[in-house]
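Chain naming follows the written order as A, B and C, and within any one chain the residues start at number 1.
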Amino acid sequence: MGKRDTARSSGPAPQLSPVLFAGFALRPLPLALLQPILGVAVRAIHQRHPDIFERLADLDGPVYLVDPVDLPFRFELVPDPDRPSLRALAEDEDVMPTATIRGSLLTLIDLLEGRIDGDALFFSRDLVIEGDTEAVVALRNAVDGAEVDVAADVLARLGPLATPAGLALAGARALFSRAAADLETLRSAVIAPALRRTESHEAAIRGLEEKLASARPTRRARTGGP
Amino acid sequence: MTTTPAPEPLELVCPAGTPAALRAAVDAGADSVYLGFRDETNARNFPGLNFNRRELADGIAYAHQRGAKVLVAINTFPKAGNPGPWHRAVDDAADLGADAVILADIGLADYAARTHPDLRRHLSVQASASNAEAIRFYHSAFGIKRVVLPRVLTVAEIASLNSRIPVETEIFVFGGLCVMAEGRCALSSYVTGLSPNKDGACSPASHVHYEEQGDTLVTRLGDVTVNRFASGEPAGYPTLCKGRYVTAGRASYLFEEPTSLSVVTMLPELARAGVRALKIEGRQRGRAYVAAVVAAFRKAVDAVARGEPVSVDGLAALTEGGRETAGAYEKTWR
Amino acid sequence: MSAPSLTLGPVLFNWPAAKLRDFYFRMADEAPVDSVCVGEVVCSKRAPFFEPHLVEVIERLQAAGKEVVLSTLALIMSEREADQARAVAAAAADGLLVEANDISVAALLAGRPHVVGPLINVFNEGTLAYLAANGACRVCLPVELPGESIAALAAASDVDLEVLVFGRLPLAVSARCYHARSHGLAKDNCQYVCGEDADGLPLETLDGEPFLAVNGTQTLSYACCNLTAELAPLRELGVSRFRLSPQDADMVAVARVFRDVLDGAADADEADARLEGLVGPMPFANGFYHGTVGASFTADAGWQGPVE
């Protein structure tokens, strides 16, 4: 977690709350406009981390349904090694995914950026997995190996110095600027509680460890005799 | 006045399932990193995990530049009639400059000893060499230099063993705990057809099913219900030996609770028992996990080397179900 | 092709010494088996109870024309266990055939003809060749080995291969005693509770499905291996030895079923029907042989040759 550059977001972090998301939802970002952003995001990740897709090549063309329960969208991810796609689904749109991954946006971003490991995935109930478990494990392993930093990856592609041809596809540079700003807002909203959570977590762990450390010698002494 | 030479410091052997995890382990202070190729030649043949040849070459370069070693696990049992992938794995590990290979199969150890006599050979825990006679056999037959001890021995037994064998010993100190003698367990293939020995996967994800039944989460492996978790209860990956079963009308974790091995506080004792290297389990776990555990153990091992007390920071959150055990190292576990 | 023979594997369970003695006496007198394994494989703590009967049992079996094989411990951890194994291995000098179930015993038997048991991992021709050069004259293969691998091994080596064709499948060994654990006891004070379950302690899933059987430190399948339909294809591959792993059932009758199938006096369907009456509630399993889920049972189709 140490590598994260938190200095980038200045000022108090916004609360990751329904209000924040209502804000995103209210500034009308219809699927038609969201879709190009997703396209850029997945191409950015594909370009910067081709090994993710290569690691998934052994699977039989998996389709993932990613369902952030606190967002009004669901996403369909097809990690094709040559032409990956990420698509926001209309509310009434049905897909037949290989696997579904459901959780809060925070949990899903933790997963994407490698803060949740393969086993912990199953120990906590924060993440719900349905369908082909192998496909989910493969995606988790592939992503973990790639050191994805969503905001950095996408911003690198959107930034003024790296304006790729892909932007023309979207046709609306203003929209991307806004999306980038949204992403930063979202990101600081996501990171602040994550950091807070980590700190309190570590305190709790230290307490537990101290207890364990003091309990252990007694236990051994009692059972160590001939 | 005579001085006894200072014992060599304990070697910290750390897992890497991906190049990112390898870098995380090396950066966090690993002395050695162990890993496998992306196929059935190693016992963590999980989807999306492990190294291709180019990644191994890069990983070895990264580790060597920073003074760390790379050990390649080729620790499944070659398939009859098709030893090629296993032989190539040994050949490529040798050619790419791996510091050692970790082997379990007698035939493969024989191949490695004959074909690459200069390639250092370690005996995998999967070989289940649990006594001096067995270890001496692997030493004299195949020139094994180090044995990874099965997780079935007590510290007293390890100390006694170390006085009677001509090779180094490496033991597991943290991570997932096999309850059964490793390499001698067919529970997974009994239920899925795939086993650690043949296929490099125990309780493979391809056969895992999670099912929400109301508030209850049911975990299945193949057709077998391995556990049910009430709402709010931490769930586990459905490894068969960590499941909940019924004997004489009573449900219990008969084999083992969902718990992780952690013996960080026993390190001084283990050092006195003559152990040479400490192994952290978890090639299937993420790079964040690897970084945290390796850093904690680096501190602990350095403290032991200075004769200072060992402190533990931040390991419990990384253990299965948040619970830990000293496992077989304490006799009462049996 | 050599004439097919039947081996009675070691009794894996903790039967009272008198029952075990009488069991072997009856096997000597009545069972159509050629070879009989005697000796404790699972737990060193059990071994002393049968020792007083060992000589008379061996003599009775030999007098009946059976070959006697001394089986040894599967998991050797302590010096005491190593001594126990060394003592048995020493019998090889007296001309008795010893079966190694841990590689340390195979090492002790180097240069002398011996048997490698199913709890040593022989998965490929490289290992088989090494162990044969070490003196193994017979290898009983691990239970999870598929027919395809058995075929490759049989084609690659002249060593006698033996395949377990009946009984609960030995799936795992551990340092931990699950029998003691199921009774809330420590292993050191186990009170030999494993003796209460002559076929092992059945273990069910939370859905009430029978799944495994616990035998002290060993874990077995709940299902009973039944390879009667696979005997013919195994014979075709060149396997001529078949192991029956004793259950608390009429093992003389079980041996007769397999003998009849080998002699062509019964087909697999008849054999299955007869076995069903002998093994009680245990379902059959032959999935390992077919390279699939070990617990599964395919009623027909022996291994039909390599799949291209």
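Rule of thumb we're sticking to: a contact is a pair of C-beta atoms (placed from the backbone, for glycine too) under 8 Å apart; a residue touches a chain by one contact, two chains touch by 3 or more.
As the structure is a computational prediction, the values presented were derived from the model and not from experiment.
The innermost chain, defined by the distance from its C-alpha mean to the mean of all protein C-alpha atoms, is B. Among the chain pairings, B-C comes first (most C-beta pairs in contact). Averaged Cα coordinates give subunit A a centre that lies 29 Å from the centre of subunit B. Separating the centre of subunit A from that of subunit C, both taken as means of CA atoms, is a distance of 51 Å.
Within subunit B, the positions touching two or more other chains are listed as 331-332. Subunit B contributes residues 77-83, 104-108, 110-111, 127-134, 136-138, 141, 152-153, 157, 160, 179-181, 183-187, 189-193, 195, 197-198, 222-228, 241, 243-248, 251-252, 254-256, 328, 331-334 to its touches with subunit C in the complex.
Residues 17-21, 46-49, 176, 204-206, 208-210, 212, 217, 229, 232-237, 258, 265, 282, 284-289, 311-318, 320-322, 324, 326, 330-332 of subunit B are the ones that touch subunit A when the two sit in their complex. Put simply, subunit A touches subunit B in their complex at residues 1, 55-56, 58-59, 114-120, 122-125, 128-130, 132-142, 144-147, 201-202, 205-206, 208-209, 212-213, 216, 220, 223-224. Those residues of subunit C lying in contact with subunit B across their complex are 74-79, 81-82, 102-108, 119, 121, 123-131, 142-145, 148-153, 155-156, 169, 171-178, 181-182, 186-188, 201-209, 211-212, 214, 219, 221, 287-288, 291-295, 306.
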